[in-house]
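The data blocks that follow each hold one structure.
In the two assemblies presented below, chain A is common to both, partnered first by chain B and then by chain C.
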Partner chain A sequence: MSKRIVVDPVTRIEGHLRIEADIENGKVTDAYSSGTMVRLLEEILRGRDPRDAWAFVGRVCGVCTSIHSLTSARCVEDALDIVIPPNAELVRNIMFCTSYMHDHVVHFYHLHAMDWVDIMNALKADPKKTSELAQSISKWSKSSPGYFSDIQNRIKKFASSGQLGIFSNGYWGHSAYKLPAELNLIGLAHYLEALEWQKEIVKIHAIFGGKNPHPNYLVGGMACAINLDDVSGINAERLAYVGQLLQQGKEFVEQVYIPDLMAIASFYKDWGSIGGGLGNYLVYGDLPVNGYRDISAYKFQGGAILNKDLSRIHEVDLKKDDEVQEFITHSWYEYEEGNDKGLHPWKGESKVKYTGPKPPFANLETDQKYSYLKTPRWKGNAMEVGPLARVLVGYGRGREDFKEVVDKALKDLNVPVDALFSTLGRTAARGLESQLTAQWGLDFYDQLLTNIKNGDTRMADMSKFDPATWPKSAFGVGHTEAPRGALAHWINIKDEKIANYQLVVPTTWNASPRDHKGQKSAYEASLIDTPVADETQPLEILRTLHSFDPCMACSVHLYDEKGNTISKVSVLGD
Partner chain B sequence: MKTVGEILILGIGNYLMGDEGVGVHLANRMEKAVLPAGVDVLDGGTGGFHLLEYFEDYACVILVDATLDGREPGTIRLIKPRFAADFPPAMSTHDIGLKDLVSALQLLGRMPEIDLFVVSIASVQQQGIVLTAEIEGVMPLLIEKVKELVLKNQAATSIDKAGGVKLVSVTL
Partner chain C sequence: MKNDNALVSQPTYYEEVQRKGYSRRDFVKFVSMMTAFIGLEQSAIGQVAKALETKQRMPVIWLHFQECTCCSESFLRSSHPIVADILLDKISLDYSETLMAASGTQAEDVLKNTMAKYKGQYLLCIEGSVPMGADGVYCMIGGKTSFQILQEVSEGAAAIIAWGSCASNGCVQSAKPNPTGATPIHKLIKGKPIIKVPGCPPIGEVMAGVIVHYLTFGRIPELDRLGRPKAFYNKRVHDTCYRRPFYDAGLFVETFDDENAKKGYCLYKVGCKGPSTYNACAVTKWNGGTSFPIQSGHPCIGCSEENFWDNGRLYDRASSFSGFGIEANADDLGKVALGVTAAGLAVHAIATNFGKSKLIHDHETEGKESEQELDS
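For the complex of A and B:
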């Protein structure tokens, strides 16, 4: 008999997400993904000055604030034909690499690790054995038996105070946890270390962006003046500090994150064949090394993969009318020309029309409209975006830097390339690209210093900042690779104001409802066949969902067939 | 870099979601106000873990946020949260991030004194950067209350002038 589980996350960082999954004989047989909150940023932006759009879109999400601002600046620059100076590109790239290290480490330790690491079991670990294990996988200095027993004591005290806080909502003791107690303790220790570390690395955003969260961007470049002798600008001392933070970031990724990831993954190799889903991957590309327009020289190259065929990378053109399109067949919107048509974002419409059941309700009407997310498609195909897509495109294009890290990981885990198309592959890819961006960040930093030493301190091109220089109407698209996937903003500027602005965000690609042909999107597809050992504790569903980094924690409600709530289980701090 | 201060007024919320952004509106307005030395204002936006360093850098943090608690819109309450569980339900667009942040501070033994002003709002579904009349109407009172608390905390806060700021921490 099939049962429907409802996974209804509560965070509102980027809109609620709800998953309804049918479970039969211990496996997911069908799944529906629904965005249950409307976000109409498009309406707020219409009629505003395009030069201010970055400040508004930076507010759309608390996790990746800077990447939306970057995307916005780029779409306006594209529309107005502005080429930013190399230093501005380098500063943007350094901030980008900083974001990756920060987001990915925080995701791994604070949002995803507890799907794999049993925190309570860590209290049973032998500190001496833990120390030996830690020293066998990394040269990270904090690895003495005393260090690990201190951590255990802290958590024991914390637990005995009756306030488990962050750890109060885990499925501790679940049969799907496979790690030895010592590795659980390492995971717990690094959870705490990562908390400390993450607050340091983001200082780079405050230095270049003036503040954090929500750093400043500028259409035409960056707003941080370089003056080596000035106390208020980007001076020699601050630049040295940035270099130090990037170096520390790289050390943390290489000596803590990657060894932990590989050690944990070695106990969960079965997840190399679970959660694969679509097998179609899409990357817009990012990290320009020869200007934004030279897409062939990006560190993250764009491209599309269909049916897991890594030998053929398709080129992607965001300006073509028939490539990226958004459908609303199962979304609470209406288009002027009908329900089943796909619209390119430049022609995008955002007219909301809620036709779902009146809350509170047990289940969504999944045969009709069931989400506030539109359904984006690339040439009609459902695509997965994110770290795995980026790593696969780089690997498929034969790039040496990607091949080096991917092949090493496959060899260390002793798994075939096919294991990449999975929940484990998604989680591993996030670590592997963190390794790459940690190094690239330092490379960009070195180039910035070289430019400055050579006397080039230009940070913005303001020649087209004055609206009097603009055409009467202009169209632009700005793309980035947000930590959780391909992101683009499409703009139409008319008479110096925003006439239309459309965002297609990574979560929309991955979490959208079915399209007009009934094709599932990435979340829905990846959950099929996921084993669920205990329906009241659907840890396995969370593993796959969290492997996408959905930017939200979950509250899980379990319903029986009559739609009564049998139990409510919360995860990650409801 | 940044100097360590005594009191931080931290307004949080999503500026794009109407009343939900009341904390950010407050921060923007108070940034322009004349405040005693040692008192800083920060627009925390929707940042979660991004805000950790600010909690560590101040002896007292006065948080201002919206809450969806079913009370009359515009109701202002002052709460003294000690644990993540003390935060009111459905607070702001970042309840997970903020609660996790508070738990993290406890775990690290770095909890500053936290005072939390919550403003009851009717809905977070509305989109826009303008406050409703109900919330706009209580802004002067809210600013007044925050200022009063700043003065009270300044008098009471345990600042060791010679040795810098002494964190009022929760010992584990």
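For the complex of A and C:
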């Protein structure tokens, strides 16, 4: 007889996620994933100026900050046929690489590490042995016995105060923690170091976008003008600052994040066969090197993998009516043409309608509608998106840069390629692509310098910024690879205003409820067979969930009453 | 508004033990037991005893409702004090869905414990607005609506900090037509000191500054009539902006990436909301003083002002704003610079502005002349 357990709130994520899982004989037999917060931003967007949309949708998420703004600028540029100057593309790429390094490091140390690292056990470590271990896996300079002993003492003092703060009531001492005390201490030390480091790398966003979180973007390019002869422009001082931050970012990824990741993974190889889930992967692609429209020259190439078959990468077309579709069978929405229909985002239509139990409640009605997330499908298939999908598509396409980092990691851990299709694989892939983006960021930076040296200082193409130059009606789609996976925005511009705006975001792919055919999405599928040693302490469930890096605010959004002209929403400022 | 930090008078563990009639000896026994329990060496007993004798850290409960977590992220960006120091030395962040180790039941237990143990003493930080539409079902945590949780948790709070524009004024989800009924905290909770720290997000150092003020001085900072700490929200971005002299001189960016943009002229004509925005951006700046939106070439979007999403389009110039003596509409200033008579301007303002414009032009010409000298 199975037992239903509820994990709500799922913490160390962005937003509000609830999991209900059935446990039998120490394993998850079924799972339901529910997004429990909605803001309905798309209705707010209707009737507004398309050039402003990036600011609104940027506020979809402050963790993967900047990525929705980028996608929004791109969808408007696609609709209006605007080609941004190469420098703007490079600046956007550098900001993208910055986001990856920041987001992935913060995820690993601050959101995910405590699933693997027993913080309280670190207090038992021998600082001298810790130092030896640290020096054996990395040349990172902060590794003396004194350094680790200082950290340990600080946490001892903290713990002995009786006020454990964020570490209160963690799963400390749980039988699923496998690391030696010394490695736990390294993890703890780097938790604190990463907390300091993360505020540095994002200064790149402040230089180009004025601030972080939520740096500024601009339809047509970027607003940060280049002027080597003015203190206000992007000049040699600003560029040198960016270069230094990128270099420091790369060092932290290579000398702290990756060695820790590999050391920790080596104690959890059993998680290389847990949490695999769907085996279907979807990537839209990003990091243009020859302009956004040349998708063949992306650093992250797009494509779809079905049934773990890496030998066949399917092409993906976001504009085709029958590829990306969203379903609402188990979502708190209504469709005009019934509950089981799938709609392409350009035809996206839905009306939110909560039909769940009246709060406060103990359980959701999981055989009915049970989430504010819609359920996206690609050609009818449930797909996983994210770092693992990107790494697998790069690997499957035979790209040398991907093969190099993946093969090295597999060799170092002494595990087969199949181990990638797992919770551990997802967590490892995040590190591997951080390594790649750390280097690519520097490559883009060099190209930016070369361009400027060659006399090209253009940063924005404003020739189509004036709405008077726009067609009466235009459709656009902008895509990217958010840190958490494939992300796209679809826009319909009519009479200089937004007629319809739709977002299909990574966590919607991964965390959505099942579809009209009963197919599970990635979270639900991956939780099946996850071992649960103590059903009152859902540590193992958190491991698999966190391996996806949930970002719930992104994933709930839609509201669009088809056919209703929103004449009541006046365009502001008109 | 005065609210003394109740923790200042809160007894330490040692004082509590004494009050209950236990001896020093009992206390040391308890300490050694506890030291062993949390797995420390016996040599740490002294340390543990000292910690239990000293002042407790302020318990903080940080709730998330309708938000995007940009406030938490911004808080993590604080450079002084750095967040590790705040978390380890200054506060006890007992409940934070973003950072806490515990999930589910264990997380809810922590919340309950802190609320019971520190009733009337904990600081409640709120990130996000509360959806009041459809009986609150647009945001639910642990099977309860955010409004139910807000009511329960605010009851025993010493003070409330409404982080960011979501909690202070509703932010993006409350923009027209506000489909979920997103509502800021001060409209729902009465009878508690509420500190509004608006911005999308607020500057990290400002957030840390507000908390540190509360801890250091034992009371909430002085607030303006809108409930914002005066220290960070009493000046307009426009008045503290380093590009202000260009505004006064009538020198404006006409479109992005034009020659004037490259020279760092005023962004008013491309929509800058600095003239109607109260925030510390131009002084404190962002990310450890690295830059702020205007410095990086983009107009201020006014993200700390109430209803800023509905206060006109981003790139439309503000048609009017409360003026001081010297200010005027940018078009008028432009006309002045062109020698066209502008009605309604005080003579001295014309003279001042025109004088500045000439000064800047002269400086630029001087620069060019010195370049020519070098070339020749």
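Methods note: the second predicted complex is superposed on the first by the 542 of 574 C-alpha atoms of A that agree within 3 Å, B and C clash if a C-alpha of one lies under 4 Å from a C-alpha of the other, contacts with A are read in each partner's own complex, and residues count from 1 in each chain.
Going forward, contacts are C-beta pairs under 8 Å (C-beta built on N, C-alpha and C of every residue); 3 or more make two chains touch, one makes a residue touch a chain.
Only a predicted model underlies this, so the values are computations on that prediction, with no experimental measurement involved.
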Clash-or-fit label for the pair chain B, chain C on chain A: clash
If touched residues of chain A are counted for chain B and for chain C, the larger one: C
Have a look at where A:360 lands relative to chain B and chain C in the superposition and call it first, second, both or neither. second
Of the two partner chains, chain B (first) and chain C (second), which one does A:44 touch, if any: first, second, both, or neither? both
Looking at A:209, would you say it contacts chain B, chain C, both, or neither? Reply first, second, both or neither. second
Pick one for A:199: touches chain B only (first), chain C only (second), both, or neither. both
On the A-aligned overlay, A:110 touches which partner chain: chain B = first, chain C = second, or both, or neither? both
Touching partner for A:119 - first (chain B), second (chain C), both, neither: second
For A:3, select first, second, both or neither according to whether it touches chain B, chain C, the two together, or no partner. neither
So the two structures are superposed on chain A. Out of 22-30, 40-48, 112-120 or 220-228, which stretch of chain C collides with chain B? 220-228
Show which residues of chain A both chain B and chain C reach, each in its own complex. 10-13, 37-41, 43-44, 56, 59-63, 65, 106, 110, 154, 157-158, 161, 163, 165-166, 192, 195-196, 198-200, 202-203, 206, 212-214, 241, 553, 572-573
So, in the complex, the side of chain C touching chain A is made of residues 13, 34-35, 38-40, 44, 47-48, 51-52, 54, 56-57, 59, 64-74, 76-79, 82-84, 87-88, 91-94, 96-110, 131, 134-146, 148, 171-173, 175-180, 182, 200-201, 204, 243, 255-258, 261-264, 281, 286-288, 290-298, 301, 303, 309-316
Which part of chain A faces chain C closely enough to touch in the complex? 6-16, 18, 36-41, 43-44, 48-49, 51-52, 55-56, 59-63, 65, 106, 110-111, 114, 119-121, 123-124, 153-172, 192, 195-196, 198-200, 202-203, 205-214, 216, 218, 220-227, 230-233, 241, 352, 354, 356, 358-362, 372, 457-460, 462, 465, 536-538, 542, 553, 559, 568-569, 571-573
Chain B-touching residues of chain A, taken from the complex the two chains share: 10-13, 37-41, 43-44, 56, 59-63, 65, 106, 110, 154, 157-158, 161, 163, 165-166, 192, 195-196, 198-200, 202-203, 206, 212-214, 241, 552-553, 572-574
How about chain B: which of its residues touch chain A in the complex? 1-2, 14-16, 43-53, 56, 83-85, 92-97, 99-100, 102-104, 106-108, 124-125, 127-129, 172
